Amino acid sequence: MADPTHCQLALEPAVRDSARQRLASVRGHVEGIVRMLERDDVYCVDVLRQLKAVDGALAKVGDAVLRSHLHHHVTNAQARGDADEIVGELMEILKYR
Amino acid sequence: MADPTHCQLALEPAVRDSARQRLASVRGHVEGIVRMLERDDVYCVDVLRQLKAVDGALAKVGDAVLRSHLHHHVTNAQARGDADEIVGELMEILKYR
Amino acid sequence: MADPTHCQLALEPAVRDSARQRLASVRGHVEGIVRMLERDDVYCVDVLRQLKAVDGALAKVGDAVLRSHLHHHVTNAQARGDADEIVGELMEILKYR
Amino acid sequence: MADPTHCQLALEPAVRDSARQRLASVRGHVEGIVRMLERDDVYCVDVLRQLKAVDGALAKVGDAVLRSHLHHHVTNAQARGDADEIVGELMEILKYR
């Protein structure tokens, strides 16, 4: 999935570990909503609240990865010579945020 | 988790089944990102793209549940006599959407 | 602009007054950003912060109008007989929120 | 409003001109909604649709300013020596987007 021209731009190990742990917890949360949806008396708004909580947890992971990317790969892109590509792919992500 | 005063307002079975299947697929997607984060050369923007895809999938599930809730429980709330509560909890969900 | 089949569903006068006043203030805020953009030393992030403040002010107006619409026109839609249309147009608004 | 340490980081003239023109048009749009709200038969959903259109127009202005900021001030922040501050203020903007 990684773009070959960017293969040297790996996510910082500490951020990667933290993101993996948080996402493992998000996976458990989603698993819980799947089970919740097996009950035939589940209330719509309870499902919506759980989806919103998952959304918030994903947003926190995304913020940490974005912050690390800005620090380690974006603020030095002109020096590295790939600023156009870096900005283009970043805008693609941020546009629909 | 269901509010006792709303225990009769269960999510429509067809929407519930579809939501459960979609969320099982979201869980698999999150699982895939967890594995992706085990690779030490994972690129930040690839992670952000995957998180965004999960976010879009969750939003579709939420839209289907919301639409069903509006149809089956909100448009008849005055007749049922719980309009204030129904609107209050709905605004709480929609506020941060 | 109003849909003829909904012409009886007018926005509540008190909410309408409050929305008009808040939007007059938003217009002033936008006017201020236009003037800010006449300065050749304006800093990008200061513009982004102002745009975000306007966005927040618009969201508050939207929340008040939405809450009023839910209370006065959505929670009685089945009794009135236009639930399908009411839900359809509401989902259209909420989808991209 | 501009941060003194950033006073050299001015918004690109072409983007500034375009943003000013678009925002002048947004101001006219908001003015139109204010007038719309003077009518006592205005329909809630028509107001919500107009607010959403304004929101979309503001987002386009914000995207153009953000893209310019990334290109001209963020991708060279390490070389300039203010990367921490640049990333911090950017995350503050993007967090609630």
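Letters A, B, C and D mark the chains in the order given here, with residues in each chain numbered from 1 onward.
By definition in this document, a residue touches a chain if its C-beta (ideal position, glycine included) is under 8 Å from a C-beta of that chain, and two chains touch if they have at least 3 such contacts.
Chains and their UniProt names: A, B, C, D = Copper-sensing transcriptional repressor CsoR.
It should be emphasised that the depicted structure is a prediction, and the values quoted were computed from it without experimental measurement.
Engineer: Going by C-alpha centroids, which chain is farthest from subunit D? Tell me that one.
Structural biologist: B
Engineer: Once you find the CA centre of subunit A and the CA centre of subunit B, what distance in Å lies between them?
Structural biologist: 18
Engineer: Please compute the C-alpha centroid of subunit B, do the same for subunit D, then give the distance between them in whole Å.
Structural biologist: Their C-alpha centroids are separated by 30 Å.
Engineer: What's the distance between the Cα centroids of subunit A and subunit D, rounded to whole Å?
Structural biologist: Centre-to-centre distance between subunit A and subunit D: 24 Å.
Engineer: Identify all positions of subunit A at which a residue touches two or more other chains, and write them in rising order.
Structural biologist: 66, 90, 97
Engineer: Going by the touch definition at the top, which pairs of chains touch each other?
Structural biologist: A-B, A-D, B-C, C-D
Engineer: Subunit D touches which residues of subunit A in the complex?
Structural biologist: 63, 66-67, 70-71, 74-79, 83-84, 86-87, 90-91, 94-95, 97
Engineer: Within their complex, state which residues of subunit A touch subunit B.
Structural biologist: For subunit A paired with subunit B, touching residues are 1-3, 6-7, 9-11, 13, 16, 19-20, 23-24, 26-27, 30-31, 33-34, 36-38, 40-49, 51-52, 54-55, 58, 61-62, 65-66, 68-69, 72-73, 89-90, 93, 96-97.
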